[in-house]
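Quick one: structure below, then a few questions.
When the chains are written out, they are named A, B, C and D in that same order, and each has its own residue count from 1.
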Amino acid sequence: MTIAQSLGLNILQLVFVVLLAPVFSGIVARWRENVQFKRGPSIWQPYRDLRKLLSKEDRYSESATWVARFAPYAVCLSPMLVTLLIPVLTSFPLFGAFAGDMLAAGFILAIGSFFLTVAAVDTGIPYGAMGASRTRMVGFLAEPVLIVILFAVSFVANSTIPYIVQQQWVQPPAHFFSPAHVLVLVAFLMLIIAETGRLPVDNPSGHFELAMVDESKVLDFSGPSYALVKWGSSMKSVVLYVIFVNVLLAPWGLAGTPNALALGEAIAVVFVKILVLLALLIAVEASLAKLRLFRIAEYLGAAFVVAVTAMIAAVLAP
Amino acid sequence: MSVAIGGSILSCAIIALGISALFGALHAVVVPFSFPLLGQPHFELTRFTGFLTLLLGVVALPTSIYSASYMRRYLGHYAIGGFTGGYLLLLLSMVGIFAAADVVSFLVAWEIMTVASCALVSYEWRRLSRVRAAVAMLVMSEFGTLAAILAFLLAAQPAHSLDFASIERHAHSLSPQAVDAIVALSFFGFGVKAGLLPFNAWLPRAHPEAPANLSALLSAVILNLGLYGILLVNFVLVPQGAMLFGILALAVGSLSAIIGILYATIEDDLKRMLAYSSIENIGIVVAAFGAGGIFFALRRFDLAALGFGAGLWHMLNHSLYKSLLFLGAGAIDARAGTRRVNQLGGLARVMPVTALCFLIGSLAIAAVPPLNGFASEWLTLETLLRSAELGPLAFKIGFVLAGALLALTAALAVTCFVKNYAMTFLSSPRSAAASGVRSDLSAAAGIGMAFLAALCVLAGLFPAHVAQVVDVALPGSLRGQLAQALVPPFLVRGGGGLPSDFLRDFTALGAGIGNGVIPGRGLVLLHRGATANPVVFAMSSTYLAAFSLIILAFMAIAVRVLVRRRPRSAHVWAGGIEPIPPEFEYTATGFSNPVRVIFDAIFHPRTTENTREAIDRHFRVAITRDREDVFVADRIATNPPSIAVRFAANAIARLHHGRLEGYVFYALGALVVAIVAIAL
Amino acid sequence: MSNYHAFEPEINALICGFFVLSAFGMVVIRQIGACLTVFIVQSLLLAASAFVLGAEPLSWHLIAVGCVTLLSKPILIPYVLRRLVPREIYTVREISQALDVPTSLLVALGLALIGFALGTRLVGAAPLLAKQNVIVGFASLLIGALVLAVRREAVPQMLGILAMENAAFLAGIAIAPDFPLIAELAIAFDVPLLAFIVSILTRAVYRRVGSTAVGELAALREHPQ
Amino acid sequence: MILFVAVLLPVIGAAWCALPRSHAAAPYVNAAAVSTSFLLTLWIAAHTAATGHVVAIAGWVSVDAFAAILMLGIAAVACSASIYSIGYIGHLHAPPRRVRAYYANLALFIVSMLAISVCVEPGLVWIAVELTTLLSVLLVSFVDTREALEAAWKYMVITLLGATVAVLGVLVLFWSQHVAGGTSFTYAGLAADAHRMNPILVAAAFALLLIGFGAKIGLFPMHTWLPDAHSQAPAPVCAMLSGVETSAILYVLLRLMPLFRAIPSVHASTWFAIFGTASLVAAALLIVQTHDLKRLFAFSTVEHMGVIVLGASIGTLSGNLAVVWQILVHGLTKSLCFYAAGAVALVAGTTEFAKVRGLQRHAPLVGTILLVGSLAIAGAPPFAVFLSELAIALAAISVGQVWLAAVLLAFVGIAFAGTIAKVAGMMLGRENEGLHVHPAPGVVRGVLVACAIPVLILGLWIPAGLGNLFTQAAAQVTLP
């Protein structure tokens, strides 16, 4: 494989995630309404929103500095960077595969988070700072869970490079049912719920500022900035879904060779896998109520315990 | 100004010295006089200490330049000459510590450094709080030094010499108990200086009280001295204690890290926050050393190199960004007259240079890629993840717990610096002090900070090169192992002995880009594994930065193309009130409140309730609750012994009641006891 | 001569008996004047013991020690005290005591027992002519120290020191009869100097404080919180 | 002959004071006599370093290496104290009669201390010891306040009590040698006869001498007079009392150590360790809570005596080397501390910590020297005390007494903490209101600076001759 091929496939991955991210948000939004026996919006609604926002003007508060203007780009930047590192469509490593591993991906996601929370304060409204504070709370509580999951993965696969984990992790396939694997999946799922701001941690469709976690940060963003923030956060969700399904849950069905047919097949498989995951998430969401703010610590504490158990199971595995 | 000129010249000399030592150009220097009773002093810079010396110089140079602006605030109040003298003496003594090759010269230089730094902390000697802080620092350092002295003496026992070289030669004949004692004593003894739990209560008191340029040195270099002491004894002189050292260091390091960052996050005083954060960073460094020590004891030298390398690397990075942040905080203090974040805000518009430098420092310390803090923190965690290769279950679980703590630490660090950067520089001013600020400090301060900021960025962008420098500096048998384990020679002609299929795979992935243009072994940090998993972990912030730039440029162009309307600014909407009054703003305390609530058990605050009553003391008007956070190190390690000593002192003082008959009775009693016990 | 030979230990024992009695007396007697008298008696006993021990076999050392003692302690010291210490002091009827008399006597008895025990052990270890002197000397030394502790008045305290010195010498003439003379002479010279200095100091105290109850001086002390 | 000259020369000062109307010149005459004596002492020390000893009357008065070191220390401190007195006593505005008495007394006191170092016969030594007490009592009470008199009285009573106990010890010692058939009643002779002596008698002598001289050295629990006397005496007297008098008495015990150590059943080392540790611990704790600068330094003397006794309990050559070194440097350093404390008293009128703040502002030189002296005495490098304490710890560890070293370091640390915390508070901070500050006299400042120099230099460099003396001295008190 040449550098050009490898780079090209990497860009294809990026395009896949960037373009399809909104549709997954749309699907989630629709399905969430559907389980409540409502019709729900079109799955293409996010694209319409983006178009509308991009055509509006950008408004900043007078106190805002360049940070507030840069933050939306940073929010988009981190998931895009991570996309370059992980196996989205191919099971062989691409150009960016070794520019960072899963641990680095965690740090990369912090770029967007850092700038978004700083920018939330920069806008000058009190809600922004409040949301930033709460987001950081979820953020720092989630971090130990992530690292313990990585430990568990590392004990089994002896690597944190997603491409290699993907090949080593569920090998032989019977290991799918090993306790370490299952517990890691549970812990990571809980982590995704927290990181993407879903129930029971946060209510993405809530409208009460005092109860918001994620949304109150971006209350003062408008127009193209808001579009970028929205897009960026849906990309982040997709990146997490991809890691979950392609690396941890079911590392099968990816293109093994760089030809068009295999890639097309991979696109379809990955799309379906993510849909299955979304269905799972919706099911979880529909069955839970939102937690009070400081109960989130308990929720993530539970996730931590699950992760530790997974790690111990991984160590004890024959 | 004298500080700036003298300091800069000396720093340049130190840098030159450090570089020449790092690349092996310096040999032993024996001074032609001898200490009474205790032998001939030797001075020698090894590559390892050369690295530390270089680091000292690199931090001291911008700090000295910065002083030209900063020290103006003391003109007419305090003698600048005294500061200059102490400052230069401090720098010299630190070089002396690195260069010392025997116990006595080490201790003498060490103590000069301690005393000079304490004198400088109490530079504003009319403020009693400064003096108290300096004394607390001096006293605790002294106890640490005493423990370290005991460790040195124990280590020197088989050698019958206080020379480092001969101690090292004879260390193998130490008994296991002696080794354990040496490890524990030196670890906790030097740990005092390094700011490790539980004996670091002085640190958050002393660092903020010093002038900012000194705070920068204190946090960026003097803490390194403690780490150097720990490494010197536990790694260079008595390496067979590596296992105990590793376990201690891993536990204490990760606990220090988490405790440090927790207190930093809730702290309101900017410089004190930085001081707590130093505890955190040193904790990370020591945890990395601990992992290295355990690997070393288990004879996994490649992994040990990773651990010690990660530690040294983080030490380097911490020195750079922490000095930068302290200088920034000093600039704020000098301009706004307060360091309380709750009273600041909106400074980015009036102090743009400081704001930018502080942001870079914050990003670096929060380990945001591609800045320098990221690389070393990532490597530290990766090293911990290598516990996968350890046998015993207990080690694995220990590493996992340490890893979890460090991960929590890293995340809290982001929280902490988001809060501090945002609340200090963004939004609008929260007090008259903050709104009265008109400009940045003068150019010299800007140059100093920009220098450090540039170093932070550069060290972040080229981690593979920094790793090679750190590798050279690794002491003992580990030299060369880090580069071997971490920076595959992609850029070396012929692949530097890498297997050809491995090389082929990675050439397609761009690892070889830059061959022939960029010096060094490669641009990717990559730990190689077995055949099944050819790569264990990998990272290249160089590539990440390049990707980021391309993506950002692409996005910028896309937005430019897609968006037609130009941005506009407007008032913040707050329920119709305009302009938004300062008390409407979210406070820094509020921002960090979740941390305070969640970790209440650790903070264990003392709260006092004051009820204000009116009308014949019948109606409660208001209840205010004062909360005082006592640093946990104070609670567990500093207060109990000091209370015990005071108690014992008072008990003994009661013997001195002033009545002669009692005194005669003591003497008579002693006489009777002596007669009965000795002669009968 | 042979008669004396038989009497000598007996006489010496009698002297020693009175000596220890006088030591007890220093502890209990309440008048300063009487204290001084007891001290004079004690010094005379010391001199007598020296003469008795020095007579047979004839030891000029001991005779000289006896003479010096006779000259300095019963004569010179009272003279110095009378000259330098204000007369009013002697009119004080009762000396304030740190311990009441029965208790001090009990303590003195205990100390005497310890002294006796030590003396006996030493005498048992090395052959000696005048065993009583050593035993009584040790006991009286400790009792003399007790005088320092229980007396809160300047002159009796000084007399306590001198009594200790007497006790030491009582033992000394027995165990070190040929102790270099120059040293003994110098020691004998020491004693009046001591009395002189103490008297000056006492006078200064009296002038400054208004009394010589030095036991009441307790301003110098630590202040425990 | 030169020994007698060196020792008795200060008598000229005393004699001068006996003349009427001599008070104006008395300080200078005294200083000149003592300085000359100091110069002679330097010569004696140099000669001893070269030839091993200087003998005046064999068996009675002679100087060997250890004695030369002690003499050097005594003469040096006496010299600086005499010069310092010019400024200090002159500043107190005492009546001429008292000034004359002071200088006469001081000169005689110096003579008595020098006598301790040159006498080798324990009987004579005892007389000299007794004389040091008697001749310094009136110096302690010089300022003639109620407190000073109280201090002088306590000092006198306890040390005379000790001296009287010690005389019995000397007599028992003589007896034990006599019984064993030895004839040479000197330090060396006693050590030579040690193996023949009756252990019981030697043990009794040891107990009596330890307590007796211990009272004068200031060992716990006989140290109670020491803070009083050393806080009330005029600063130059304090310097001599604390700096050299205590260690001169300790020197006597150390000279007898070969004898005591030669008889195992005496357990001299153990008892030294016990009393040394007790003194060190108690003094370190007392330093933490004391409220007065001069008392603090007095407790520090107790602490250092404890350290030296503890060091002497080790008994090896290196241990004794450190002990000898510590005796000398403690004398020099402690006298500097008391000079500084005296300067504080002159400048601020009091030495209480609570009443003095911000000396740095009004008397930077005094403040700085005070801080330097405190650091030096507390054992901070690069001052000499640090090295000697380090050497003691090293010696303790090299014979396996790790706990001794640990206790030593721990309590030296506590003492350091107490000293520095209090002195720093005195020197820095905003100055107290209502504190009337006078400038220190030039002589005082000169002496402060001059005395600070050797304290610093000896921490970094040791002249070869002095080193030679130390080695010889240590060998003299070490069992072969």
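Keep in mind that, in the parts below, a residue touches a chain if its C-beta (ideal position, glycine included) is under 8 Å from a C-beta of that chain, and two chains touch if they have at least 3 such contacts.
Just so it is clear, the model here is predicted, and its values are computed rather than measured.
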* Asked: Going by the stated contact rule, which chains contact chain B and chain C alike?
  -> D
* To do: Please give the pair of chains with the highest number of C-beta contact pairs.
  => A-B
* **Rounded Å distance between chain A and chain B, as computed from the means of their C-alpha atoms** => 33
* For chain A and chain C, let me know how many angstrom lie between their CA-based centres, rounded off. => 98
* Asked: If you average the Cα atoms of chain A and of chain D to get two centres, how far apart are those centres in Å?
  -> 77
* Which chain D residues touch at least two other chains? -> 153-154, 157, 161, 165, 200, 204, 227, 286, 289-290
* Listing for chain B: what residues touch at least two other chains? -> 646, 649-650, 653, 656, 660, 664, 667, 671, 675, 679
* Hey, which chains are touching each other here? -> A-B, B-C, B-D, C-D
* Asked: What part of chain B is in contact with chain A in the complex they form?
  -> 346, 348-349, 355, 359, 363, 366-369, 374, 377-378, 381-382, 384-385, 387-389, 393, 396-397, 399-400, 403-408, 410-412, 414-415, 418-419, 421-423, 425-428, 505-511, 524, 526, 529-530, 532-540, 543-544, 547-548, 551-552, 555-556, 559, 562-574, 580, 584-586, 590-595, 597-598
* Could you pull out which chain D residues touch chain C in their complex? => 121, 123-124, 126-127, 130-131, 134, 137-138, 141, 144-147, 149-154, 156-157, 160-161, 164-165, 167-168, 171-172, 174-176, 178-179, 185, 198, 200-201, 204, 227-228, 231-232, 286, 289-291, 295
* Asked: Which of the residues in chain D come into contact with chain B in the complex?
  -> 153-154, 157-158, 161-162, 165, 200, 203-204, 206-208, 210-211, 214-215, 221-222, 224-225, 227, 266-267, 271, 282, 285-286, 288-290, 318, 321-322, 325, 358, 360-361, 375, 380-382, 384, 386-388, 390-391, 393-394, 397-398, 402, 405-406, 409-410, 412-414, 416-417, 420-421, 424-425, 427-430, 458-462, 467, 470
* Okay, in this complex, where on chain A does chain B touch? -> 1-3, 5-7, 54-65, 67, 69, 73, 76-77, 80-81, 84, 93-101, 103-104, 107-108, 110-111, 113-114, 117-118, 120-126, 128-130, 132-134, 136-137, 139-144, 146-148, 150-151, 154-155, 157-161, 164, 168, 220, 223-224, 228, 293-294, 297, 304, 308, 311-312, 315-316
* Structure fact -> Listed in rising order, the residues of chain B that touch chain D in the complex are 33-38, 104, 107-108, 110-112, 114-115, 122, 125-128, 131-132, 134-135, 138-139, 142-143, 146-147, 149-150, 153-154, 156-157, 160, 162, 181, 645-646, 648-650, 652-653, 655-656, 660, 662-664, 666-667, 669-671, 674-675, 677-679
